[in-house]
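One chain, chain A, appears in both complexes that follow, with chain B as partner in the first and chain C in the second.
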Partner chain A sequence: MDLLEFARGPALQWSISIFIAGVLWRLLGVFLLRSKKDLSEPRNPAAWKGLRLIALRSWPRREFLEGTAFGEVMGYAFHVGFLVSLFFFAPHVLFFADVARGLIGTDLRGLVGFGWPTLPNGIITLLSAISVAALLAVLVHRLVNPVKRLISNFDDYFSWFVTFAPLVTGMAAFAHLAGWPYERLLAYHLLSVELLLVWFPFGKLMHAFTIFAARGATGMLFERKGASL
Partner chain B sequence: MTASTGQPHARKPEPLEFDKPRVSIATPEYRYDMQGEMPEAERVERAMKSFVKDFGRTAAIYMESCIHCGMCAEACHFYEVTKDPKYTPIWKLEPFKQAYKREYGPFAVIYRALNLKQKVTVEQLQEWQQLIYDSCTVCGRCSLMCPMGIDIASLVSQARHGMYAAGLIPHELWAVTERARLEGSPLGATPKVFKDRLEWLADDHEVEIPLDEPDADVLCAMSSIEIMKYPDSVVATARIMNHLGVRWTFRLDGYEATNFGLLSGNAAAQKLLTMKIIDAAVACGARTVILPECGHAYTALRWMGANMYGQPLPFRVMHIAEFLAEQVREGKLRLKRVAKSATFHDPCQVVRRGGAIEAPREVLKALGVELREMYPTKGTNWCCGGGGGVVANHRADELRYKTFKLKMEQIEETGAELPVTTCANCRQTFDDGQAHFKWDHKMHSLLELVADNLIEDES
Partner chain C sequence: MSAPLVGELLRSRGVTRRDFMNFCTSTALLLGLPASMAPRFAAALEQARRPSVIWLPFQECTGCTESITRAHGATLESLIFEAISLDYQHTLQAAAGEAAERAREQAMRDNHGRYLLIVDGSVPTGNPGYSTIAGHDNRTMLEEAAAGAAAIIALGTCAAFGGIPGAAPNPTRAVPVGEIVKDKPIINVSGCPPIPVVITSVLVQYLTFGKLPDLDALGRPKAFYGQTIHDRCYRRPFYERGQFAESFDDAGAKAGWCLYKLGCRGPTTYNACATVKWNNGTSFPIEAGHGCIGCSEPGFWDKGGFYQPLSTGRWGDARTVGTAVGVGAALGIASAALARKRQRDAEGG
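This part shows the complex of A and B:
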């Protein structure tokens, strides 16, 4: 078994398994905790309306923008670039279809009658480059900003690494980096993605799930009191 | 540890000077305080047990969600005025985050087995005492900033439970909580003192102040700051209630709304103090309990009271500003016009976290003042710097005065003649700041402003 076969085979299966089991464990470990009923008389009985905080908090209030503009801009640049590259790059879509067929016997087209759209390679390359640049900028910021430097730990830097690596190896594989066989670059790319999947449940990448729960919980608590969202 | 090494001294409780304008300690040197005698390991054990005791789903979600973006620092007045990263709100919880991961989170077994998170030490907790008590007013501004939506302020309150259990809280907060628990009031406004004061105020101001009525529609409570420092607020409350023809009373078994149990982290004392008002209201059949101009008293009874009681409260709980606004809306409260410009300082627990955002403004509108809003205002207004027990903690004075400059700038920028607020604790912080900086702006009470401008004879 060569490196690419390993990356496409057992490494992929194990990493997906660890990802799914780890995410479920962490989410259930939190969601199965008790939640005491709040007996105070609500100001606004329709507390569910506070769920709008999930959307509202995606952009800071005007009063806070000055101090957070860098983080907001870089955050959006990275996330948009990363997610669009992940979900709309043609080879990725083919890969997801392959994985889906392996797991459930069919892909999206087989399920709902239409496929997943893709974006031109030029746009994907540009967005990936923006994403890489944003990641480098936030790393430098984390290293030089006194607040971020103080509060950072291993998780912050390792999560950064496992996010950065797939982007860089993916761009290298796409560009057929001079002197490196494509198969090896592709294997590195796959392995880097698998590293991300394995780390995902254990570190702060889990915010991809918990962000909705945290914002939703606060939104409902605050809405109930009529407090500022 | 010595001051010369930059490390705080340990300091055991010593007598407090209760006769000073604020509870005072002779030498508020750089220090941390300890209560009780117990081995260090037990302090840590108690802190962690108490911290996780009430740990529910929401707090756990918060603990799992921080991405260390550091944005909360930009919302904190202590960071804003010092630019010291240790005042980053989420950093104030670091030992508790560490303990959560190691002892309580879904992967705690792994963290412990591989020692990926160190056990929290008593030295850490001692060091964090200053961050959790001196440099956090639990104002919750950071909770509005957090992109993950974490209510950081609620976690600080939970951390205070741990610190109290470990006997590691600022001595002033410990002492006033003990005094409230034992005597019924943190600042010496015992039932006897309160009764004497009411008699004196009734005579002096020629106002009827009903006390211990067996039946009443409305039970009023006051804060100890008002009883001892701003007795005009007691008179103002009586005047307004009488003016409105409300069947109301004060009661000696439940008059003190100040709740240092909440501020110090002593949950048992918090419940004891809360239950006094609840029991008094039930005893006289009150349909409404009106809370004084006190921010944390509002949080303690309005939003936490029923949970302490174990069932929904059999009466409405209103902040006095909400009550006044309701009377204005119903046309029962008619006020003389105050031909001045005013600006409103939003008490964090009443407005940002309490939800009574527009009520005080409705009352100001009824007073006819020209309202000049500060920037920022309402939910994002800056805290006065004295909430959360900080103004009672002398060790924090120097830092608090720095944050107070933010308020001075905000108010001066409005050019308003009357700074007004509806929290006696904020008012006390303003008075102290005014004296410290020899500032020429005096903070006014919304309640007293209303009482001074009642249209007495409507016919």
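This part shows the complex of A and C:
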């Protein structure tokens, strides 16, 4: 078994299995917790209105803009580039379709209820490059800003690395980086994605699953207490 | 009597000087050498003695022989091929049985240390009786012939990498030539079958320079296996634009769109099909509408379905993932139960 076969076969199966098991573990462990009974009189009984915090916190607040603009811009640049590259690059869509076939024996339309088009490689390359640049910028910012450096730990740097690696290896494989065989680059790309999947449930990357639920819960709590959102 | 010169042989077969120089120029270019090398090729070839070649076919389908001897008809390449002294090839030679074996042994004795050994087919290492020639098992015959060879050409994917006989479950425990012979230069001309002009070019280079060409990490001539099919494919621009055929007969396929989605292995296959092409340069499989199956790569038969896109994984079945769902759910429920108990204990305390 060569490296690419290993990456496409057992490594992929195990990493996805660890990813699924880990994510379920984390999510169920949180969502099945008992809420502490709040005995106070609600100031606003329609607590569900606090769910708007999900949208509000996704956009910069004017009064904090000066301090948060860099992070907001880089965050959006990275996430948009990363997600579009992930979901609209033709080989990735083929991969997802194969995952759907492997998991439930159907195509993507059967799994999520719809299909979607792919984007030209030039657009994907541009967005991936923007993502890489944004990731490098936030790393430099983290390293030169004394406060951020102080509060950063292994999770921050390793999560950054496992996110950065698939982007770089993917671009290298796509570009057929000079002198490197494509199958080796593709294997590195798959292995880097598998590292991301294995680390995902156990580090800060788990925010992808918890961020909106956390904002919603916080918003409802604030709303009930009558706090300004 | 000494062996005749290659130039004399070609002239005797009616090859003109112009045709000969054209051949030398195109061979130089195919090998990645400048056209200015053509006169050197011509001079060396004209003066070269016919090299003795012993060709041992083992576990093979004769496709390689068909490819080399018949694919191009009576071209100059095939005349060059005839210009070698093919002292043993039991499919092609008129002699059979003991006479053929005697011819082989005689050639091996007379040209010890100088003959070229061509092997097509893999070598069974299980029961010696799986494949025999005149009562001799393949492995013994290879070891004897390799001992006196100047160099070995492993022709076709079976000889180079094990090929189809070596595919799982490999009942004969077939291995490539390189796993048996360790002390001789081996050049792998892989493909199922290999491109005819590759082997004639290798022979011409050997006759001209007296040495084998530069090889890649898998022992293949870099001039022919240095780039992937995908690198040189005429459908590549469609890949770049994200235009893919969805089925073999849709409008995209007919318009020449990329066959990546249909399982084409061009991106991971190193061969010259897209440039040299087949049937006298007529076309190659992708041009005929089918994706590359990666036949010049090791283990190509065991790398999943030929219609499974390269970017997809190997699932087998979903049991592992199903187990993961169960394990994850159990861990989550157990964690939550423990946390709730702690909550209760804290509130109770």
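Note that the second predicted complex is superposed on the first by the 223 of 229 C-alpha atoms of A that agree within 3 Å, B and C clash if a C-alpha of one lies under 4 Å from a C-alpha of the other, contacts with A are read in each partner's own complex, and residues count from 1 in each chain.
Everything below uses one rule, namely that a contact is a pair of C-beta atoms (placed from the backbone, for glycine too) under 8 Å apart; a residue touches a chain by one contact, two chains touch by 3 or more.
For clarity, every value in this text was computed on a predicted model and none was experimentally measured.
After superposition onto chain A, partners chain B and chain C are found to sit side by side with no clash. Look at A:G67: by the touch rule set out above, it reaches chain B but stays clear of chain C. Of the two partner chains placed by superposition, A:A46 touches none, neither chain B nor chain C.
Residue contacts after overlaying the shared chain place A:A175 against neither chain B nor chain C.
When the two complexes are overlaid on their common chain A, residue A:V140 makes contact with neither chain B nor chain C.
Looking at the shared chain after the overlay, A:W25 reaches both chain B and chain C. The angle formed at chain A by the C-alpha centres of chain B and chain C is 160 degrees to the nearest 10.
In the superposed pair of complexes, A:R34 makes contact with chain B and with chain C alike.
Using the contact criterion defined above for the overlaid structures, shared-chain residue A:A208 touches neither chain B nor chain C, since it reaches no partner. Aligning both complexes on chain A leaves chain B and chain C separated at their closest CA atoms by 5 Å. The residues of chain A shared by its contacts with chain B and with chain C are 25-26, 28-31, 33-34, 36. Residues 54-58, 60-62, 64-71, 73-75, 79, 83, 85-86, 88, 90-91, 94, 105-107, 110, 143-151, 302-307, 309-313, 316-317, 351-357, 375-376, 378-380 of chain B are the ones that touch chain A when the two sit in their complex. Within the complex formed with chain B, the residues of chain A that make contact are 25-26, 28-31, 33-36, 38-41, 43, 53-54, 57-58, 60-61, 63-64, 67-68, 71, 75, 145-153, 155-156, 202, 204, 206-207, 210-211, 213-219, 221-222, 225-229. Chain A makes touch with chain C in their complex at residues 2, 4-5, 8-9, 12-14, 16-18, 20-34, 36, 90-92, 94-95, 97-99, 101-105, 118-122, 124, 176, 181-183, 186.
Chain C contributes residues 228, 230-231, 239-242, 244, 260-261, 267-268, 270, 298-299, 303-304, 308-316, 318, 320-321, 323-325, 327-329, 331-333, 335-337, 339-340, 343 to its touches with chain A in the complex.
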